[in-house]
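Shared between the two complexes below is chain A, which pairs with chain B and chain C, respectively.
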Partner chain A sequence: MNSIDSGGGRITRASELIGRPIIALDSATQVAEVKDVVVDTQSAQAIGFTLRGRGLLAGPAPGFLPLEAVHAIGRDAVMVASRDAIGDPDDARSARPAEEEDLIGKEAVSVTGSSLGTVSDVILEIDGPSAAVVGYEIAAQNGNLVIVRAPESAPLSPDALVVPDEIALGAASGLASFRGSLERTQS
Partner chain B sequence: MTRLSQIKGQRVLTVDDAQQVGGVRRLILDAELGAVAAAHIEGTVGETTMLPWEKVKSIGPDALMVESVRQLEEPDRGLRDRIEAGHYDLEGKIVYTDQGDSLGTLEDIEFDERSGRVLRLHVPGHALPLQRFVAVGPDAVIVTGPGSAPLPAP
Partner chain C sequence: MELLLVAGLVALIVLVLLGLYLFQQERRSGTVRAVLTAPASRDDDADVDVES
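== the complex of A and B ==
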């Protein structure tokens, strides 16, 4: 499994959460599975999950699960108190954010104007029911994957994600070394 | 102490008239009590398919004995629905902690044969002491407890 336990939380790729079952604690029923992770780049937090039914023959997507309705994001499942955690998709509380953009595939450019590649994944630190965006995985043109720390402010537009130079230079080659670099900056 | 695998498939005989009333198809767990509440019997006449666990007189190597056929009961509507939805088809279900970590696939359940209290859950390579069931449902068994550090099987 591609996740690493660190002191505070668990460092994992957002893509690892896709397909994870969403299970209701009151009935031990699988109510949906994770289709995608919605993150807010301004607050650097995951704010919820889009959902799909179980398996390939499932019906239409059963809505959006806001993170505040999540009991825990585990290694193998996302736990909710009950099926009611998944709001009606038309309900304001469970509405998906309008300005949501797809981060994956967006070009990452350094402040000094060099293209670093395209965003291939988002790195999350999961602690109980919360998930902070701590990094971005970037696929460089040469095919190498690197992980950069999520900057304090990461200007993002439909065109690009802008990354400060010192962060681009400190890119890590994998989750393990990324975790090491996180710990160094925290201490 | 006995196990789900030892009870399942056992025939049920009456002490009063030596009648075979059926065979144990599955065990009905009461998640709140953390105990086996009843045995669900197949092959009985009519709808009286529930044998409340406290009515089991003895568990032998070859049969489960009950005093008489009158001790079997009809399941209520809710229980019948849960049986049909697969809540009590326990083997093969994934055991999760309430934190969303999988502890493995349920293979067997160890319980006290008198009280019905569930003692341990068997998953591949481990016998997990049960603290508390959160829920037993159609898709999963959810528990609290020592999940993060499962004890090896004896």
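== the complex of A and C ==
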């Protein structure tokens, strides 16, 4: 199951957005594709996408698409108002965060110093153009994949992602059970 | 001699195709990236009481 509708929005893995076409509303043309999803673990929000051109002979990646310039993140495409939303590559680069790293494979460590495993994906709750980080999929040391609830703020360094101890208590084994635990918490 | 030339051409074509494949694989790859948390800046001018 790739994504699930919940009361607040659509729950999906961030990796599902990779390769999704970016379509301009005014011309109905595909202007780029999503290459990377960029999130901020401190604010628990997705902040934008790095891009790549489409097709074998596409030019260099146009740059960075901040979420403020997105009209909607749909099931099959990311919609922007026009090609101008992507803007000039040089301007786009300046809007991209200066210091970012690959989150996949990063060690998740609790505040009391226990390793929970490595981050294998990020769970997003998508509502129109916004995407909140609501969970982390963790590959535990025993090989199991579990989804834990994302805290409101999780510091990230080149070494590790630091999360509260209590998030391990509500670990779910899949998106469906994670949505259930999320809804129970919200109600 | 001709056989050597043909073998060289075939090897060249294979190398070009392999390069294109690897280039495409690299282009297709994507990931989830995250902003690093800025370390709290040290205030070197902060008043520090030092008991002598």
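Note that in this section the second predicted complex is superposed on the first by the 180 of 187 C-alpha atoms of A that agree within 3 Å, B and C clash if a C-alpha of one lies under 4 Å from a C-alpha of the other, contacts with A are read in each partner's own complex, and residues count from 1 in each chain.
Definition applied: contacts are C-beta pairs under 8 Å (C-beta built on N, C-alpha and C of every residue); 3 or more make two chains touch, one makes a residue touch a chain.
Here the structure is a predicted model, which means the values were calculated and not measured.
In the overlay built on the shared chain, the residue A:27 is in contact with chain B alone; chain C does not reach it.
In the superposed pair of complexes, A:102 makes contact with chain C only, with no contact to chain B. Of the two partner chains placed by superposition, only chain B is touched by A:79; chain C is not.
Once the two complexes are laid over each other on the shared chain, residue contacts for A:71 go to chain B alone; chain C is not touched. With both structures placed on the common chain, the touch criterion links A:180 to neither chain B nor chain C. Taking chain A as the reference, the larger set of touched residues comes from C, when chain B and chain C are compared. Of all residues in chain C, only 24, 27-28, 30-39 touch chain A in the complex they form. Remark: chain B residues 87, 94, 96-102, 134-142 touch chain A in the complex. Chain A makes touch with chain B in their complex at residues 21, 23-30, 71-79, 128. By the touch criterion given at the top, residues 14-15, 18-19, 34-42, 47, 50, 52, 56, 58, 97, 99-104, 106, 121-122, 155-158, 161 of chain A touch chain C in their complex.
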